[in-house]
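Per-chain numbering from 1; labels A, B, C, D, E and F assigned in written order.
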Amino acid sequence: MSEKKTPQLDELEKGQWPSFVTEIRKAAAKNPAAEDLLGLLERSYEEKKGHWKHGGIVGVKGYGGGVIGRYTDLPEEYPNLAEFHTIRLNQPSGWFYTTKSLRTICDIWEKYGSGLTNLHGSTGDIILLGTTTENIQPAFDEFSDAGFDLGGSGSDLRTPSCCVGPARCEHACYDTLDACHNITNEFQDELHRPMWPYKFKIKFSGCANDCTASIARSDCSIIGTWRDTLRIDQDAVKAYVQEGLDIQGAVCDKCPTRALKFDYKKNELNVIAEECTRCMHCINVMPKAIRPGQEKGATILLGGKSTIVQSAFMAWVIVPFMKMEDDYEELKDLLRRIWEWWDENGKTRERIGETIYRLGMGKFLREVGLPPVPQMVFRPRANPYVFWQQDEINK
Amino acid sequence: MSEKKTPQLDELEKGQWPSFVTEIRKAAAKNPAAEDLLGLLERSYEEKKGHWKHGGIVGVKGYGGGVIGRYTDLPEEYPNLAEFHTIRLNQPSGWFYTTKSLRTICDIWEKYGSGLTNLHGSTGDIILLGTTTENIQPAFDEFSDAGFDLGGSGSDLRTPSCCVGPARCEHACYDTLDACHNITNEFQDELHRPMWPYKFKIKFSGCANDCTASIARSDCSIIGTWRDTLRIDQDAVKAYVQEGLDIQGAVCDKCPTRALKFDYKKNELNVIAEECTRCMHCINVMPKAIRPGQEKGATILLGGKSTIVQSAFMAWVIVPFMKMEDDYEELKDLLRRIWEWWDENGKTRERIGETIYRLGMGKFLREVGLPPVPQMVFRPRANPYVFWQQDEINK
Amino acid sequence: MADLNVNGQVIALDEDGFLEDAGVWNEEVALALAATEDVSELTEDHWKVINYLRNYYEQFGVAPMIRKLCKETGYDLKKIYELFPSGPAKGACKIAGLLKPTGCV
Amino acid sequence: MADLNVNGQVIALDEDGFLEDAGVWNEEVALALAATEDVSELTEDHWKVINYLRNYYEQFGVAPMIRKLCKETGYDLKKIYELFPSGPAKGACKIAGLLKPTGCV
Amino acid sequence: MPRIDAGPPHYKEMLPPIILENYGKWRYHVIPRPGVLKHVAENGAELYSVRAGSPRLVSIDFIRDMCALADEYCDGFLRFTSRNNIEFLVSDAGKVEPLISALEAKGIPVGGTGNSLSNIVHTQGWVHCHTPATDASGIVKAVMDDLHEYFTDMKLPAKLKVAMACCLNMCGAAHCSDIAMVGVHRTPPRVNDEKVQKGTEIPSLVASCPTGAIRPNPKTKSVVVNEEKCMYCGNCYTMSPGMEIADPKNDGVAILIGGKTSNARTAPSFSRMVIPFLPNNPPRWPEVTEAVRHIVEVYASNARQGERLGEWVERIGWEKFFILTGIEFTDKHIDDYIFSRETFRTSAAFKF
Amino acid sequence: MPRIDAGPPHYKEMLPPIILENYGKWRYHVIPRPGVLKHVAENGAELYSVRAGSPRLVSIDFIRDMCALADEYCDGFLRFTSRNNIEFLVSDAGKVEPLISALEAKGIPVGGTGNSLSNIVHTQGWVHCHTPATDASGIVKAVMDDLHEYFTDMKLPAKLKVAMACCLNMCGAAHCSDIAMVGVHRTPPRVNDEKVQKGTEIPSLVASCPTGAIRPNPKTKSVVVNEEKCMYCGNCYTMSPGMEIADPKNDGVAILIGGKTSNARTAPSFSRMVIPFLPNNPPRWPEVTEAVRHIVEVYASNARQGERLGEWVERIGWEKFFILTGIEFTDKHIDDYIFSRETFRTSAAFKF
């Protein structure tokens, strides 16, 4: 079909890595919007600038989020991109699919959209790239019938995501897939109807390796851990020695707290339980010989986000250890209290981490009812600027 | 003389550490202001509060600083403390004295003051505690005749101080006493006539042990260092081995950059020159065997101050290496440029470190003409918020 | 999006169906906008929300935060979505003739 | 410090010799204050400094920074000390009837 | 009527039998070859995951192709990773090699496991977003072409996580990656008074500027920008269409390095600026690909085994990093934003 | 006429001959016994420095006494250290012991060298300052009495630098000490409108408050304090006599630990809050002396040889420190000021 030349994009069909241009071209063969996209993108490559208008606010009935409105600033030239909205579908926990479910998505998207997707968006959603205002509602209706629902956008709970966890990983300290699914379903209202100062992201990682990068990428990061002692299988240790692993160098010397002692003579490895900070390093290197302890749960961290505006924040510990059980009631209750506090105290477009930074951890902890513990900080304050409460001073 | 009871202070004449109360009592035997001070202090101990009025501004002719005005808020009861000002005398470099010079100070102070002193004030001055407005000028006149001069106070250069350095320390990488004396004399105007946004302190330490705590306690910290390689005397190393020093454990393992390699067989210690950060640790433990290199000079750090108001600042590197030679012209020139910039840009009561923090190192470096080098930072910025200059962008 | 025809007067809308010129808003325009957002009639409840939004905007130059809207009108979010199926931003603000909410999506 | 006697009127000074009540300042008072600070007469140069200080204070509610004083009057610090031997704070501000400088000593 | 708030499909419907049977009972894993993970369950069951690279921006044709492979080799089950790779879940060991051949025949690389470069987390760029300073997919394609061998082999000292974000919003969460490429502006926004008047909540716009560079202008009912104070973050444009900041002549890419999010050994850390600006040179951004390759190569040949990029730099010191790479250090590397103080070298110990 | 700007006496006039001769030519030193440094010059010359404790606040009688000793044992030369100890510069080895005896006879302790507690750097307190929240000399005396043995012996793991500052201005530079005692207020200033009206530049006063708690009150021509925002720093009082903040019922002492300024091994570091408040109980502040001794003892019995207090705590982790000492951790330990963010534990790795 396409007669238009795209010399720059053509360059990106060369090379060994699979090409997104080839993908757009495939879609363009069937869909005029995708075809226009090739032209528009080539134009951007020439001019070194984007051609999408600012903002856009479209959606489906009953929801306040889940769709990103998008219009080109060159509708005359690229009429099929006059409306080119994105639909965010909530992925299943752990990004597992049957081919059947994926094909269903493809079929619906072929009907209502450009045929282009992102698997996945950076928050975790299935991103369906490019449809018209008119098609949004019918597309949603069919996705809904097929068992899919929208993800988050706007100042709401964003689509939670989780690592592969117990489905395929020996390190998982709690059931990340179940927790993610459960929490997502519990907070459908918060996910679909924006009501807060800004967005709020939750990510679930089964251990401190943090394979969802939750500590940097989510307001609430839930990282699996254990309270007792990691378990060492001495036979497996000996097997590693025989394979030639330098246990002292590759494991003990790299343990951040030097909690591991290797006995050369006996080929035995022992841990000083109270020194271990459960960083996962030794377990990573020797998964056959070392495993997490048995009293498992998660550490809850709060406040992660990227650079805009007040600098990037890494999430920090607010609950050192929480059991992930009883339908996650403890976690749900905590989240509700946090949101209530944030909603009451946050400014527009202020992430929870920024609100706490502005108002202080002390106030946050007191008002949310969390007990202060040294695990919340790397180190105590370096200044003596303590706020005293009315009931603590002598009248 | 004193009939007044001081039961609380009496308690502080007990115990093994020499007592300041005993000292005040000695002075009180000859001086009524000192006697009143005992009473006033006892009263403070009873009431748990101070009895000095706010502020006070007194001085000598031609100077804007050097005297701290002080009046009690109970002049009726303690008439001899109605005026009880402090004179700051500039100590000699390194706090070295002949008994003759100290006696001279005592004699003059006996005549014009309470007979009480601090040897020394926390900035380094000889602190003469307690005199009247009337006595300030004549006291100064006599001190001046005896070869002493006032130190700093107010928004001026504060009395510089230095470590014992080459006078008695094998580690000194430059002549701290000479530098301190020279700089103090060069900037007498800045020392005696406040003219800046706030105070400015300089301290000189001969090596990274920083025995004047300059990095925390002075706006400009001048710390001796060397550019080449530390020198190791292998015979002395062997002697330490024989004395039983655990070189691997106490020296090599504690070297922050692991720059030292100990050869057990040869009893030889070697350094990887480019890895060494000249922290002084190994030299401290083995002064007979290890010494600084031969190409000596100093690192210049800027911005140190204590907690009020914007938090404590530790000084940071602005010139990694400067030779301390040629009458310190390079240092003087730099100081002048820094002061000029600060005076132009600083707000009232804003220390240089705070001004730079507020306006940015980039602006400071560009305007003061200092070349940016990685030694100025532990690590580069974590955000992409770079300011571009007009000549760097495409018009 | 197509323009709006209110009693013969053609009123310009942007792509998202918001008023191009907020100055032309009046109650009839509101009614016409409501129709575009699946709101068939504007009840007292609707007007309470609309008026609150307009007053707040007039006073502060910004739309209120949702929490405030709920608190001050006494309607919870569920109720707001019942009144305005496309929600407070796309629905209520549009009908109230406020600016298109920007920012966070 | 003793009070000041200006043409028979007794004017209260604080311990440091600053006016207790800045409102009583006038040129004669200035002259009397000058005497307490080893300034025997107030020349045109003196008045330039005094007037600058008073005007600045009136406008901003604070005394100017020294750098500003020097820049605006055109006198360097040396000259200021020649005019007011006890310096800009204790000398010039006092004679100009400004508040006692607080803060940094 | 569609169902409302039904939530995502249940993950259990998506799991292959071998996972359902061994759920939470995996014992350990090994990496028999690049791109293949072998997980062994307590009962001895073995699952092979074959990891394949994807451009992420894919057509439904591509998805259907992958589904066909999954049907053939994995009984119709597959997953995607948190870095947008595809994982084929093979329960029959004999099908691993044939699957890999089939993938390679389609030009789909297998790799990204263990000490390799994995897929680049990235964003929309000129393909779909309104605020980009550069494209995302294009740079990613160019860089992955260039570093292909590091994806298919495991010859790096440790895992290498590269991210790309097309503007400072950093949707790619580039702020904690081993290497981050970030689209940056370098000139202040140009105020379009008409658009600000018509389409903007002025108080929110003013409040959006982190450096306080924007002031309302009551006369024009618009705003003015103090250009001295602007550091081109683009946050004002997010708030208002009237604050155009895209500038083809000056937009480009910054490189930050040394971040990580895992807690293994060292605490998670932010990426840090090493190259403040490289020009936008589509379609292949040669300056960017070269800079990234150079950093990867210096890292690969200097770091110790098991050392993440940031761990290596922190051990040798950033001053040494600039020497080893030959990258020029400028005032732009020195932080001058809110948390600058903690980056200043408050110590006299450093390397020359 | 006095000389103006003549500067301090030249240090060379103050140096004993042995120093003049060996200036810059010292080769090494040893510590033959606590309180004595033996410096050996390249030419073999030996200088003994005998270090004696001083209360710092001393009378001229005391100085004359010390001069008498210096005349007798050191040919009339002595110095003071940066921590206010006195050093007698003895060039005749035979005079060291007699000097020590003479000092001890006068009740002057000899020590403070090597791995000992040295003198406490401190400030004016109720003796001379207008802003103190507590006394300085009194607490120092009480603590030094209590820890006397650590001054005269060298039985600590490393040097121990204790500082005392009587208000948050921290003239004692307590912010980087192994142990710091700091006078603190706990209630907001009480505005005295009259004093503010008469004696205060209101704009400077308003600007002085780091948390923006002070607003001008045009009606009263004074100011009002938002008590919620006040953290009792006292900076406003420094600016205005009308902002009285001393409060006998609530003023007291906070303890911070773990700072250092030397660059040896680890970078200089700030002291950190471990006890937010202890009451002012003159004359001997038992709560303070006990707390300090307790911390010293836990440190002494747990740290490794050569480890400064802060190095020890950083190695074991602050969470462990609170367990070992039994000090209660509260919300007051968590920073909520400008640079709080860098103190938050942005890591899932910690000890229970």
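Throughout what follows, contacts are C-beta pairs under 8 Å (C-beta built on N, C-alpha and C of every residue); 3 or more make two chains touch, one makes a residue touch a chain.
Every value quoted in this text rests on a predicted model; they were computed, and no experiment measured them.
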Graph separation of subunit E and subunit F (steps between touching chains): 1
Chain of greatest Cα-centre distance to subunit F: C
Of all other chains, the one whose Cα centre sits farthest from subunit E: D
Chain pair showing more contacts of the two, D-F and B-F: B-F
Rounded Å distance between subunit A and subunit F, as computed from the means of their C-alpha atoms: 48
Inter-chain centre distance, subunit A versus subunit D - centres from mean C-alpha coordinates, in Å: 65
Length of the line joining the C-alpha centres of subunit B and subunit D, rounded to whole Å: 33
Sites on subunit F at which at least two other chains make contact: 168, 175, 204, 208, 233, 238, 240-241, 249, 263, 267-268, 270, 337, 339, 341-342, 346-349
Numbers and ranges of subunit C residues touching at least 2 other chains: 62, 100, 102-103
Residue numbers of subunit A (touch at least two other chains): 53-56, 60, 62-63, 189, 208, 210, 215, 223, 256, 279, 307, 311-312, 314, 348-349, 378, 382-384
Which pairs of chains touch, using the document's own definition: A-B, A-C, A-E, A-F, B-D, B-E, B-F, C-E, D-F, E-F
List of subunit A residues in touch with subunit C within their complex: 53-65, 68-69, 71, 82-83, 133, 153-155, 189, 193-199, 343-344, 348-349
Residues on subunit A engaged by subunit E in the complex (per definition of touch): 8-9, 11-12, 14-21, 23-24, 26-27, 34, 37, 41, 44-56, 60, 62-63, 70, 84, 86, 89-103, 105-106, 109-110, 115-120, 122, 124, 129-130, 140-141, 144-145, 147-149, 161, 163-164, 166-170, 172, 175, 177, 181, 184-185, 188-189, 192, 208-217, 223, 250, 254-256, 279-281, 284-285, 287-288, 306-312, 314, 347-349, 378
Complex interface listing, subunit E residues touching subunit A: 2-11, 13-15, 19, 23-24, 26-29, 39, 47, 49, 53-64, 66-68, 70-71, 76-82, 84, 86, 89, 107-109, 121-123, 125-132, 135, 137-138, 141-142, 144-145, 148, 151, 165, 168-176, 204, 207-208, 210, 233, 235, 237-238, 240-241, 246, 248-249, 251, 259, 261-268, 270, 280, 282-284, 305-306, 337-339
Parts of subunit A lying in touch with subunit B, wherever the complex brings them together: 307, 311-312, 382-384
Interfacial residue positions of subunit A with respect to subunit F in the complex: 208, 210, 215, 223, 225, 227, 256-257, 274-279, 299, 301, 303, 311, 313-317, 320-321, 357, 359-363, 365-366, 372-388, 392-395
